[in-house]
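One chain, chain A, links the two complexes that follow: it is found with chain B in the first and with chain C in the second.
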Partner chain A sequence: MLTYIARRIIIGAFTLLAVTSLVYCLIRNMPGTPLTQMTENPNAKQIMSEKQQKELMAQYHLDKPWIVGYGYWLAGVAQGDLGRGINPGDRDRVTRIIGRRLPNTLKLTLTSFFLTYLLCIPMGLYSTARNATPTERTMAITLYILYALPTFVAALYMNLLFGVKLGWMPITGMTSEDYYQLSTLGKLGDTLHHAILPIICLTYGSLAYYTRFIKANMLETVQQDYIRTALAKGVSPRKALVVHAFRNALIPLVTLIGLTLPTLLAGSVILESIYQWDGIGHLFIEKVTQRDYPVIMGLVLMFSVMTLLGQLVADVLYAVVDPRITYS
Partner chain B sequence: MSDVQETVESTVETKAKPSKSLGFWATSWRYYRRRFFAMAGLIYVIFLGLVAIFSPMIVGTKPIICYYKGSIYFPAMGYYNPSWENAIFTTGDHFENRYEPNLQKNDPNSWAIWPLILQDPVERVGDDWFEGRTANPTDIAGGPSWKNWFGTNSVGVDVFAQLVHGTRIALLVGFVSMAIASAIGIFIGAVSGYYGGWMDFILSRIIEVVLCVPTLVLVIALLATVVSPSIWQVVFVIGLTSWTGIARLTRAEFMKIKQIEYVSAARAMGASPYRIMFVHILRNALAPILVPISFGIAAAIFTESALSFLGIGANSETPTWGDLLKQGQDHILSMWWLSFFPGLAIFTTVLAYNLIGEGIQEATDPRTRDA
Partner chain C sequence: MTQARGALSFCLVFSLGLLVLAVGCTGGSTEQSPELTKEALANFNYDEGLPDKDFKPPATLEDLDSSVAWLNKPVVEPMAHHQKELANYKPAVTPQEACELRPKTIEDYDEILAAMKIQPSDANPADEDATWVHHESGDVNSLNPLRMSSTSDFFFATMTSVQLTTSNIKLEPVGDGRFVKSWQGNDDNTIHKFVIRDDLTWSDGKPITAYDWEFTFKVLMHPKLTTMFPAIPSSLDKIKMVKAYDDHTLVIFYEMSSMVNDLKPEFPIIPKHLYEAQIALDPTLTDSDFYLDQEQKPVVGGPYEVVIRERNQRIILRRRDDFYMHDGKQVRPKPYFKEVRIEIISNPSQSLLKMTAGQLDDSEISATNWDTEANTPDFYKNNIKVKHIAWSEGHIIWNTKRPYFDDPRVRRAMSYAVDYDTVLNVILKGIHQQANGPFHPTAWYAPQPSLPMYTTDLDQARELLAEAGWKDTDSDGILDKEVNGEKVPFTFQLMHAAGVPTLELIAKEYANDFSKLGIKCEPRGFEWTVLQEKARQHTFDAMMSGWGSGGDPFSTENIYATDEFRNYGQYSNPRVDELYDLGFAELDREKRAKHYQEIAKILHEEQPYTWIYYRADLYGFNKKMRGYQFSPTSPWFYEPGPFSVWKAKAE
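And then the complex of A and B:
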């Protein structure tokens, strides 16, 4: 097992190398550099002299070919330094820039993650127990429709209904204008109020997917002999379903947890830009338009590490939960 | 005695001519046809295809056929490609889209067959475009009405016309980008699954590299390398980033099928690896591969609309569904019809392709066929 993990990590390191060099090459070949993007911006605080520009170019290795710049970036990463943002509005360390936005994204994704698992298990079990009844059919169709509903369409429809028509929910922003005058409890309530719609948008799709997933797995499991044996022994149908069958249906679910790891940190580009939510997805779009290379690279590194880690965790968990699976 | 003889003979006769059993695809179609939702999805997509093909005949301000100064013209073709609009109407006599008054004025003998609904997807229909028709309302006044079924946008362009003409782009995006993705995915998956070994190792790493970065993030980064992307560049980028699922499935199928004896037989007969892969194995792997392709079309339409919605999508003269939805988002407080109808179009199309994918999956898999 340990050799397997070690091998995966070594292969993963090479994959990371390939991903980051590819993306670095890509962003360096985008038209415009961080400096031209800055001068195009009429609100730029200072117009730089040519000498200053040259100094900056040299400082960020923009005057050298991309492969050399990538080498410097890699050397920095090896020393645990992701560099600093180029944009004059935010010259902080990349880790800090990302760290500032991460809590906002986690507020949405973690809540949505727990909500999904909290709801999908009872819903999945319910649809297995009541399979093919009219209630279950309606539920299945609703879930299928939700699964296919694009998030931005759902967000707009909910904004129209709850934000504009009924006026219950704010349709954009993370906090109200009077946020800083509110009490601690009021602040919490205000944040929650603003987060409800984005959280629903983030949750419904995965909820529909997981519920369908659990149901499909459970239907396969309940047909197995050991369930019939349990029922024949006199175990109540409820107990046979929840205790005996569900334990086995859990196995594929565990791997899915590993695969959701990257989405927890990446957030949603679309939802964060609809709701003006200052999270990671929003940061990415912002930095791509500013051509802020170090920050983009930091984000891409984070996404890819999380994806690879998620896959590894999924595979390891698979072996942990299912003793039939071993890696050599 | 003779009776028995006869019946025996007749049964022998019927046995001698066995009816040809149905092939794999015919059987699958039989099972597919039984599924109500799968069929509904298929019919809806065919309907959208017809709408896309005949969009200039359904909504437009250019006549489908017209007789003008002694010749027959088809100005509506200009909706497919601006250069297909006969030059006599554009640079010649400067109609500027006002066909009805200009036809009457310049040639009293002219006649024209008009589209079903007289609205334009790009320009606002003004007061002088058609006799007896007032100009399209703008802003808040442009709600759904008998004249503008789905309302008009802030500058008075008809939303229904935009949606109908946007269908062409939406379907094109789905098909073309998935054609690119399938070509890449099937090729990489086939080579990787068939050869195995170090080839498989390298190709699997390539798949992993693309899989590592969230699709939308990768698409945004790729699109940023182009200053003002055309719809074809967007389609190409979507195709270039969405082949991993197809490749992984193809690889798994090929690894399974290459163990079957007929592949060894083909190899023994001297068939080249490429012939074995793409003539012999691919035929049998095609059914499961169709499933992610169908889901992929839905995802491609979603991605394209999402890009337009974020304001980094294609620059096309005819607005895409995502462009329309973006207008809806910008005017969400006052003009609900701008988000409602385009949202419905995107949603139903994505749903239909998902239903088709699920239908194919269930109809071609023997385990789920009879359910």
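And then the complex of A and C:
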């Protein structure tokens, strides 16, 4: 197993090199540079001078071919330095820029992730147990509708109902204006209050998908001979379903956890934009528009590492939960 | 089941733990050792960036005063002046009546604005404990006013900064009486002398002196710091030196004689006593704890100070008592609001929802929502809508170096081909006003009488195209012309910003209009940054865009003069270039106006752009808000602008 993991890590390093060089090449060759937006100013008499532009180009190696620029970036990464943002609004270190936003995204994605798994399992089991009954059919139709419902539409209607009409929920933002005067418990409550609508939007689609996924796997598993044997030996249907069938149906679900890892960090561009949630998805779009190469590269590196790591974790978990799989 | 319960408990505890960990974190500050600071200061030459190193100003103030005959320039304390002007003002309808209006015509909007501009009185005093919840669509880039470059930055700077001069509602430069006692210039306007008030303090209690301005100028010009300030240094172009002769006397020396020099002292400042050592220690202006602290709670000199900054969320400002009080006496008008909360919401639909719910006191409303979501009983329950035509304009830029548009007759033909009624009244729903050139007719530098509007006239357009040699020689329905021995069909691409439904509709309408002349126009949307890059590289045929305008026409030089930075269409006319130079150098406003009026006439004749509309500023205000008025740029970017709004105590 260890040899397998070591081999995967080495292959992963080459994959990272390929991904980052390709992305760097693409963004450097896209029309527009970080200076394109910077030189636009609402005040017509204020423009960045040519001298300023040249100095910035040199400072960020934009005056050199992309491959040289990539070399500088790679050398920085090797020394643990992802560089600085180019946009004058945020010349901070890339690690700090990303670090500021990451907890915000995780607040939503991790909560949604746990909620999804907490709810989808009982719902999946319930649908299996009540298969083909009117209740299960109603549940299935509802889940299909939820799966198809775009998040921005759901967000809009929830905002109208809970934010404007009833006034129960905040429409935008991550905290209230009096957040800093609150106690720790008060802060937690306030954060939850602001996170409820985005979390619901982020959760219902995946909940619908995973519930259907569990039900499909369970239906296949309950047809197996060993379940029939267990029932014949007098095991109660509930125990046969939960203890015997569910364990095996869980295998593909557990591997999905690993593959979900990158999406936890990527956040949701649409929801973060709607709810003014200062997360990674929002940051990515903002920086692509600004052509802020160091921040874009920092994010790409993070997503790539997490994707590779997620796949590795999925494979390892697969071997752990299913004794038939070995990586010798 | 026990396992399932265990897993459930673990997940809940883990989720809550993460939330607890994620909430709240604080920053810190450090102090540098005096030796390190001394060494850094010794190694950092603040004079390195002075524009004219050979320039030697008079050594003493007496020498200067004896060599110059000073002429007084206007100094106005904006709020006191505004309150005095409106002391006996009685609008035709009361604000309460105005709040019930459902405006449709421009007269309705004017009536509302006339009612709402009233100022507090003894009978109807302002609520001095009130909070103003102001909406901005983007976060402030930096709380360091020298790094400002967006409209949010400008708003923040207006609320917190100190400046020598400002603009009044007509966008004329005046000395800012809150900060200066007097402003004088010499006969050719190459030297300005300011006497700074002696009752000014930074929010850390230290006095604000003329040396803060001298220091800020050196920082802005310094070669090691130049990339940190994207916008302001260019507005200080042609300043030779800013010199403090004593704590309260500041003199600015300019390279050239120009009335434009009156606009240059309007730059914000930073406290020398804090920044001098810190910049020497860390010229990145980013990394040290000092800068991190200043990005959260900067030391400011203006009416409000920062209480809380949450990036991309909100900035809470609080009124500074030591701004309007000095030594126990009130020395300036007290700002109306105790607190100003800048709420940052980038999604326009969300800000409109928040406004509808009564959670914002003002917000700019998009033209798309103006007659729909911003026209419902729910919206009117808490809010009122106001509209004011700004001096900004929307247009089509013709790339004059392309064979289709190198002839002014063709460009005029294009302007005659546009169906203005459909574009302005159907697609844009009559919100904006038709334009006839780069300068709004009410501007002091616009031609009088106003130039005629281009109207739809297809016969005239066909005639002009034929004169320019564009004919359908091969009967394929598309005009063509021989250019450098090759037959060129009149087929061009019209570039516009992607993802804006209204722009897409307008572009389609233009394509339809031009097709009636046998011209094939292919509209194409581009991402904003790509669009900007293509404009700058001149790699386009025609482009839909818009320009804002300041109070002085010299700022349009970089748009219409030959080879200038923003001259995307590569228009060139030596007479226009000459007139810009003459306008810059002329000291008499009447004569200056004549130069710019001639420019407007040439541009009207040669149509490097087809001007379509002057953009309306569209705003929603909570019904509790009073005192707002619009300058030609917005309700905020002039004085008293944001300081004239208030909420009544009785409401």
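Following the convention adopted for this analysis, the second predicted complex is superposed on the first by the 312 of 328 C-alpha atoms of A that agree within 3 Å, B and C clash if a C-alpha of one lies under 4 Å from a C-alpha of the other, contacts with A are read in each partner's own complex, and residues count from 1 in each chain.
As a working rule, contacts are C-beta pairs under 8 Å (C-beta built on N, C-alpha and C of every residue); 3 or more make two chains touch, one makes a residue touch a chain.
Here the structure is a predicted model, which means the values were calculated and not measured.
When the two complexes are overlaid on chain A, chain B and chain C occupy overlapping space and clash.
With both structures placed on the common chain, the touch criterion links A:236 to neither chain B nor chain C. When the two structures are aligned on the shared chain, A:142 is found in touch with neither chain B nor chain C. With both structures placed on the common chain, the touch criterion links A:133 to neither chain B nor chain C. Of the two partner chains placed by superposition, only chain B is touched by A:296; chain C is not. When the shared chain is aligned, chain C comes close enough to touch A:184, but chain B does not. Shared-chain residue A:223: touches no atom of chain B or chain C.
In the superposition on chain A, A:157 makes contact with chain B only, while chain C stays out of contact range.
By the touch criterion defined above, A:84 lies against chain C but remains apart from chain B after alignment on the C-alpha atoms of chain A. Which of chain B and chain C touches more residues of chain A: that partner is C.
Comparing the listed stretches 186-194, 222-230, 258-266 or 276-284 of chain B against chain C after superposition, the clashing one is 222-230.
Counting contacts as defined above, chain A residues 30-31, 156, 159-160, 163-164, 171, 273-274, 289 meet chain B in one complex and chain C in the other. Taken together, the chain B residues at the contact with chain A in this complex read 205, 208-209, 211-214, 216-217, 220-222, 224-227, 298, 302, 305-306, 309-310, 312, 325, 328-329, 332-333, 336, 339-340, 343-344, 346-347, 350-351, 354-355. Remark: chain A residues 11, 14-16, 18-19, 22-23, 26-27, 29-31, 144-145, 147-150, 152-153, 156-157, 159-160, 163-165, 171, 262-263, 266, 269-270, 273-274, 284-285, 288-289, 296, 299-300, 303-304, 307-308 touch chain B in the complex. The touching residues of chain A, when paired with chain C in their complex, are 30-33, 36-49, 51-52, 55-56, 59, 84, 87-93, 100, 103-104, 106-107, 110-111, 114-115, 117-118, 121, 156, 159-160, 163-164, 167, 171-175, 177, 179-180, 184, 187-188, 191-192, 195, 242, 273-276, 278, 282, 289-291. Of all residues in chain C, those touching chain A in their complex are 1, 4, 8, 11-12, 14-16, 18-24, 139-142, 147, 149-151, 154, 226-235, 237, 263, 284-287, 308, 310-314, 316, 341, 343-347, 349-351, 353-354, 356-357, 359, 378, 527-530, 532-534, 536, 547-550, 552, 554-556, 558-559, 565-566.
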